[in-house]
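One structure, pasted below without further comment.
Chain naming follows the written order as A, B, C and D, and within any one chain the residues start at number 1.
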């Protein structure tokens, strides 16, 4: 049994989610070609690292992430820290020849993401970015449909990622509204990247954008009840063109009143169409132009054993998967990338290209003009 | 242009709805093979008859329905009076050799409905019962699918007709809760007949039932605020067997909290299934067992020009029809029955068979046992 | 009984729809304060005018619309001709002191619409544009909610009007794809105006746009099978800002694969949100931020007697209205505007402002920049 | 840290699901008041037990379940074997003073379930039956609503559990269609118990039934292609009365064409109503009679941190849980029952009462009459 040794950096909620996903991946998918094992855990809060190690049976823990990055026994560095330190850790890991599994967004700027991608490419290491929503059997099935030409030529895409936890004025100023910690792109950076990842996965690269950004409540009170100016967008949206000529509209909003996890898309092609909503993550709605005219309509397809990965969970169609199952499948993608040479699409190059669109939207919104992604570093 | 002369009996809300439907039918479907024209109107309230005649340009009005029934100039007697006088008028009309268009339910007892059916059969006149929900293009399409074998052998049916206007205790005692006016079957008589009409139209005859009835609020106050005992059921439901061996469940309720016009059904066959809900009357949900296993699911088909009658209204799929449009199509069925010898399925025989099931449920509920419809007169 | 005498110009499908709506309006709403009666009908095809007159009992018919416009006996000129002759007829009618009821779009250019509006304003005549989708009880209810502050401050709008009858390459070149007849704005002119009308009715004026247009199949064959270049857009979409500061996205597409009458919107405010879809025209989905956190969610409200105009049709909640019912309510709005001084919101000024946005999108798409509507004539 | 030592009997798919749930329960809910640890595993297939022990780090494995039942070190016996041996193992475990966690159905007959319940009651041990669907936060929330009187007096229930994997004639004869292994109640035993468990959890006990059973394909081929007579029902359904006077309809079908995991219910009360469908397990639809008449409708409430247990998984409303998460929560209920004296509702008494209704339906269907559950042993 091949064991991939993981050095986890960040012992918070997401670190725990990774640990669970690694163990569950073994149970669901078995031990072939390899299993993931957290061999060491680091956190700036050393006590948290220690507690984590005890809870999950991790042999080594430390307050110094560098000691893990440089540990010759470690195969993969898993980064679940705050966004702003992703680049430093990832670059150090790559320099040490490690594979890297990094939560999204890779970086707060496209330039940093680009550096990370180029370093990884040069070093020839495996990279995976935590675009977990791509890991759903439903999305893999959607991609198969498209690759098999079932939708014909795709010419239009609409996508959103709306939730509404910040629509309430009394929601506090946090690191998310602080440009230093979360970047100048608020909902745009945090959430648009998810819908962009789906757009890129299913339709291809966005190459040109015209966008706008919006702040609903200009000021919020921080934990000490001090009023602070919100430093990044609550809502960002843009029209765009894809490399293949398709038109698109994308939106990301943390003030999307009434929506909770409305990561949705609609894809229109000459032979068919799809729509999807993460609030109903186990359903893909499929329309075929080629159906008999008397019975054309959207069909609600429930996740099924014929869709990639699902049969490892359940034998019958329609048994709901949950968010945590996506992380288990993501762990599977990491294993396959590292141990089977089957690179997962959501690598650093993919993440960088997403970040470049995000930055193009930022420029477009700030300058009030169409921006080509090739303008961005 | 052939004109079918109608003698309308009952100048209330439903009478007006018929008048409008007759005129709109000409506009929508044209003048071939005939048009309907109200030549005389009667109402026990003579003033109402007069007002109606003025408003709709009817030449003759009267307080005495018999004078219309016996008018040699009249081709069709159209009955929109309260239920309890349907039989007397219909039998007189048949005796006078008239065709009869009668609102549902035909009668308050199966025995009366039987007499009406037998008299009409013997006289050879055309009869139509106002089961307007059958007149929807979506139902005609559903029937085509079934007749073409698209669902395979049908083995199960579930149907409801729920609304909730009587769930409120303060809703008054009216003629509907009065057994003399509305019959002993309350929701059962008024509403189950609609879902039974759909079941019979799509699946075939119900031959055996085991049912129960329920009164939610035993007493209600009448218009004079006098407390009266409710004399018929608020909810009736039953399991059953169809002639073809299928099993079924039907429910009718005027206390169906949360439902407004929930005339719904689900039909399961060996090759496919359907579900439908009148609140979304322009949609039929279709499932095919023969679809690729990877993409099985219910398809939401919007009403389309390929469905019977719709193209007379609109050229493109998905333009909503409303309740009043069903009455227009019913008028068309009446015209075709009278002038083109194309008998509409919902005739007195059909209505009688529905009423027989209603009565079987009544007996079953009261005696707590399975009842075969052949036991009923 | 006051009779408003209408001179109908255009005896085609829409003319017939108006005629039916006028008569049904009397039945549904009664005779107070007035009824509409078509006193004369004109069509360039004189035979069509004659046939129409016979069918609907119209006293006078002609091949020359000017004779009707100048008929002193006529109160309202009703224009259902092709779009390109709307301005000429409307301006002549206004010059003759007539009220004008005009199908949408008012004109193929904003400049013409502006002239029509200004002429009508100067003449003090009543004008109504056929934005029938605004006439739904559900929209009137939505507007009440907003005016009553139930959604708080509205800060975001998304709207679409997608159908898909042109996604098929073999759909022919018709007047709709011909810039001379239908204007340079294809889906943009024909369909975006509907979604803009809803946006303006519910949220307020769009003042700035950044848009794009798209042609899916550059060539189509005409009725003679000659290949012709398609001269206007199949899809147009844009991001925008509203006068009140809200952001928006609007889309119109006749190639919206899978959608049939997807005139939809979502409106997000600080206290609530709405979404709506014309395919389910009798439902309004309402979300309230103020609900208990344990039970927040979108509520599906069916059309009800408490919503404007519905009680004239039905007494109980949830009985579906159809497209033709909207035209009946529009006729009611015309009656109220002419006879009761209760001006309907969708007048020539409203239509002009919609057309100005359409033209701003045209300029924006062609020049690749943000355009303010005040730049447009 | 208190450790509850579990002896697992049955090392198949469900055994693995339990093992995963136990570990994940610790991660999700923490270590207070106790954790579950599998200390020994037994399977008639000793190799399977061995493989299981290796994979999940279980110290002891055996082919003889009795050695585990009698192991003084074990606190809880966890039974995931085929149904027909549940009683023997459970009774032995109770005799040995163990707590018992048993998959559903407890037994193939009500008499056996009764014996199990009475033995457990006498011994004073904790029992939990694997009615995992009750463990959803959405169901706990539904129950809270009902207990708080939000629905008023409940008077009607409809519930189904439909899937369709056996609608295909070529689906083989297996242990499920074999009365010896699966009992005389097919879909009735396997699936009706789930919908009954929801009915009992939310509305109360069913006391009287009138039902029917159905076999779609009388013969199926077994693994050796030998044609065998199907020995139990594919579909069972019944009308019923609840202890509180409510009426009900329940259905269970493994031939429910088009349905995949359609464990659904609708509950109608004098003040509100609910409907639910396990295919969309993270949504509860709530209707309140007390809403303003203008805005009455079903509200789609997504699972939220205010609902029991959900906050341990996610901080924001609407993040989907999956099937496996229900098993984690069930493990939590077991821990609370054993270590915190907080008995979970789904104990052996609960399971027995469910089985008694199942048996009443069997008798009712076979004898064609109403059967009171008190008639059943």
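List of remarks:
Here is the rule we use: contacts are C-beta pairs under 8 Å (C-beta built on N, C-alpha and C of every residue); 3 or more make two chains touch, one makes a residue touch a chain.
Everything numeric here is computed off the predicted structure, so don't read it as measured data.
Between C-D and B-C, more C-beta contact pairs join the chains of B-C. When the contact pairs of B-D are set against those of A-C, A-D or A-B, over half line up by residue number only for A-C.
Relative to chain B, the chain whose mean Cα position lies farthest away is A.
Taking each chain's centre as the average of its CA atoms, chain C and chain D sit 55 Å apart. Per-chain CA centroids place chain A at a distance of 42 Å from chain C. Mean C-alpha position of chain B lies 36 Å from that of chain C.
Among all residues of chain C, those that touch two or more other chains are 298, 302, 317. Residues 141, 283, 286, 292-302, 304-307, 317 of chain B are the ones touching chain A in the complex.
Per the touch definition, chain B reaches chain D in the complex via residues 155-156, 158, 164, 167-169, 210-212, 214, 216, 235, 237-239, 241, 247, 249, 251, 253, 255-259, 266, 268-270, 272-273, 275, 287, 289, 298, 368-370. Contact residues on chain D toward chain A in their complex (touch as defined above): 16, 19-20, 23-24, 26-27, 55, 163, 165, 260-261, 278-282, 302, 313-314, 316-325.
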